[in-house]
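What follows is a pair of complexes built around chain A, which joins chain B in one and chain C in the other.
Coming up: the complex of A and B.
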């Protein structure tokens, strides 16, 4: 039996939504964030983001592929998971999950297809054996890479990316809604929840791309495109300001109202979550990156590129941690107190080796990177220049 | 036993089994099963529950009876009893050791408490219940006679209903990995019996009624006495009423 303080309803001492349920919104956040980052290039014409326009889409797809895993592991009866699609109860906020997820998956895959169609064809042409056939089938046996055909591709990508933005918002806002729409839990029940989830998703997506971009360029020995990185840092800063303001506004409003809920939430934040909320999410995860990115954005003219790169890298790493801690504080924090609003669990640490434990979470987080490595073998993920290199290699 | 004799006896056994299956009047089995349903029409009932706080002595017989009747796993509760000890307007001590399955230890009279009372808790079978609202597959549902139930064969075990219940009435059964909760002993009430907890209560603190029964004493009490429901601000319309509940009860 866990250590408790105060009075908790007897069924409330269990943590029902575990680390896996923390992981799911984190992964979909990365999906939505990376996608929106790619849309900045495809839809809003931020040409300086060209170096990461392709990889961001593929990152989105790789994380999307593993996103349902933690949920399936969490379910008591994963074999019945498809019932959500077959016999949905549309009154439930969760029932639309399959539809939203499925639509988004189709959209991302289609966009990836049209972005990489030319490269798929080029790769098919220079491949031998089964791979050639597979790639040819993926290209629908049409090897048309004339300028007109590519222009059509580009148009389709623009439309898909345009539709993808609201879809990504829907996918992630929806996750926030699942929590925000529960009136039983004062820590979750706020209309701000979907918005906070959404903005922090974008933050985590951009931060991941910055980290990936810098590591990949170092391994490939390619110089970092400073314009691209500065632009990403700028966007990251902007989205962080919005996210952090919303997160703080929510807490400040609750504290100022001093309603019944605050008695619980105030205690929660200053005791059970004092480390993960105040130290990790607010100070190390938000305030420090906020300052670092401010320095990068406002003082880039006065500093050398390697220093700026490092500051951006550190800020992004901290932000990846911040968003994870935010998901943790919401999901686990919301279960650290009883609905009696009088009792608290003293702590919750997931076991390393258990069904929904830390080891499983780590493996799930590694899989998307392995998928990325596979994708990198098949297609030029990094930039147009990369694509050209692939092309030259094939000719 | 040779292979031949084994096969012969196995065939005979199978034949006898088949004959037995045919001999048992299948119709009568079905009819028997149907009879209960036939007698019981859920359109003719509308249940409600009343807890008379002044009568509860905190013996925990109700919790024990519920556990036995429904095979409730250890550390989970379909019903429980809370003991409130109020010292002053700011300080209230609440406890429910093991859901009060074994009652409570003696309270300390020297602590200067101004009042103390027991509060039996169970699922409120809310009319507008958030738990069935959030179930993604419709495994949680409300019967026409007003009982909130879980279909174990459909439940996917996502735990959303557990999070959505403001009263802490639900849990995920560690054996079936599905949501579980108080059913007001549906298997009993559809046979005209009381829920096990009502049956077990030695003081009549738990009362089970039916609005559609003529001159139902429980319904009459709810209609005429000053009762309250828990967390009315959530607008879930509980069908479980409390007579004499203190403001501290949530």
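Coming up: the complex of A and C.
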């Protein structure tokens, strides 16, 4: 049974928003981050990112597919989820979720469709039997892969990716808004919250792609495209600097103001959250990757590729953890103190086997990777040659 | 495919996608139209029939004295002791889990763990001053109890906690 200290109310004992609510912003963050990473290629013309341009979209879609799961598990009664789409009450910010999610899903699917249309058609031509029919239907029964048609696709992808950036920001900024707009909770209620969520989302998205890219290349025995990886490391570094500065600025502002909230938040950060905030989020999760990536970006000329790859890989792994711990510190941390601002709950450890426990969380995190494996069998997500061809067409 | 003579626009597939999107939009709105329950929105974001539906639901809990008829002894014990103000169902499960049509349906589970007592008696400063509360560790030390999952019942009887001190 959790222990309370200080002046707490009996209903402050319960952590209502559990591990599942930590997981949800983490997953949508990966969705938005991976998408924005793909837009760097499609919209901003970072040609060196070609090798991950396709996979990043598919990663985004795979995580998008599981993103609602934690919420459905948390709330129970999944069959009622559609009510929020059918009869939304817009006085609640949460009513927007279904619509934002739905529109974003359509957008990502469309973009994937236009990016992979050629491969779908080639595959349809090669297939026999029912698969051929299914693929033909997916290709909408026109096998037009002439230069001109592909150029049209390219243009559409650019537009979709362009529209997708604000959409991704909306999807994830909205998650931050849900927390930032809760004025009863001083640890959440700040207009910075959506922005912090957004930037750390991009960090986690790029970090995931770096990890995936390196692992996949190792398994496929393909050499890692150093230009691509260096560029991703650069972007990761940039977004990490912004994220970390924002996160620290928020805490420093609170600390410097020394308003009454700081009484609880300061205590929280130095006691209940000392491990997950100071050790994990700040030191291991931000400072160390900051240095590692700085080395990679600034001193790449002096080091061998394998070492640089390893440093980037380690930094990305740490950053994936950093973003998770940031979500944890926000969501759980915000429920560790009493609404009286004078009392605390001493700790919170989710059980392994419970409805919203660790086991379920692990399963949810594995599912997108299984989806990725399936997608990998269906479409050429990686192939260098393919990405090259893709690149040549667009230039 | 590439050697078409006539100048083609090569946007056939795009139009097909647009048509599908259009159809999807229509379907979404049609489904929404069909699914909006009757009476919704008459008085704001609310379904008028909801109240009538609620009235149809069988209550899960019994009445305040719903257990008295069959358990007069326990009733007597609880009502004359410190827990007199409590409903039986605040510690036991709701009546309908246990009784159906005036007969016992399933055994009533009893929670003998210390967590049951702690729910109301653990010291939390936000509780009213006069309410009996203990800091569990200190209380056990003071009374000479050894912590275990059902420790409170070693000394206290659940129905008459002080009267039935063991």
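Keep in mind that, in the parts below, the second predicted complex is superposed on the first by the 380 of 395 C-alpha atoms of A that agree within 3 Å, B and C clash if a C-alpha of one lies under 4 Å from a C-alpha of the other, contacts with A are read in each partner's own complex, and residues count from 1 in each chain.
What we mean here is this: a residue touches a chain if its C-beta (ideal position, glycine included) is under 8 Å from a C-beta of that chain, and two chains touch if they have at least 3 such contacts.
Because the structure is predicted, anything quoted here is derived from the model rather than measured.
Engineer: For A:338, using the defined touch cut-off, is the partner it touches chain B, chain C, both, or neither? Pick first, second, both or neither.
Structural biologist: both
Engineer: Which partner does A:16 contact after superposing on A: first (chain B), second (chain C), both, neither?
Structural biologist: First partner only.
Engineer: For A:373 in the superposed arrangement: first (chain B), second (chain C), both or neither?
Structural biologist: It touches nothing on chain B or chain C.
Engineer: Can A:99 be said to touch chain B (first), chain C (second), both, or neither?
Structural biologist: Neither partner.
Engineer: Look at A:299 in the shared chain and tell me whether it touches chain B only, chain C only, both, or neither; answer first, second, both or neither.
Structural biologist: After superposition on chain A, A:299 lies in contact with neither partner.
Engineer: Which holds for A:156: it touches chain B only (first), chain C only (second), both, or neither?
Structural biologist: In the superposition, A:156 contacts chain C only.
Engineer: Looking at the overlay, does A:184 come into contact with chain B only (first), chain C only (second), both, or neither?
Structural biologist: A:184: touches chain B, not chain C.
Engineer: Is A:145 touching the first partner chain B, the second partner chain C, both, or neither of them?
Structural biologist: A:145: touches chain C, not chain B.
Engineer: Between chain B and chain C, whom does A:81 touch in the aligned arrangement: first, second, both, or neither?
Structural biologist: first
Engineer: Considering each complex separately, which residues of chain A are in contact with chain B in the first and with chain C in the second?
Structural biologist: Residues common to the chain A contacts of chain C and of chain B are 1, 7-10, 12-13, 87, 89, 91, 338, 340, listed in rising order.
Engineer: Chain B touches which residues of chain A in the complex?
Structural biologist: For chain A paired with chain B, touching residues are 1, 7-14, 16-17, 71, 74-78, 80-81, 83-84, 87-89, 91-95, 97, 178, 182-185, 334-335, 338-342.
Engineer: Going by the contact rule at the top, pick out the chain A residues touching chain C in the complex.
Structural biologist: 1, 4, 6-10, 12-13, 82, 85-87, 89, 91, 106, 110, 113, 117, 139-149, 151-152, 156, 338, 340, 343
Engineer: Which chain B residues qualify as touching chain A in the complex?
Structural biologist: Its residues touching chain A are 75-77, 80, 82, 93-96, 98-99, 121, 130, 132-138, 154-160, 162-172, 176-178, 234, 250.
Engineer: Report the residues of chain C in contact with chain A in the complex, numbered from low to high.
Structural biologist: 1-2, 4, 8, 10-14, 16-17, 20-21, 24, 32, 35-37, 40-41, 45, 114-115, 118, 122, 124-127
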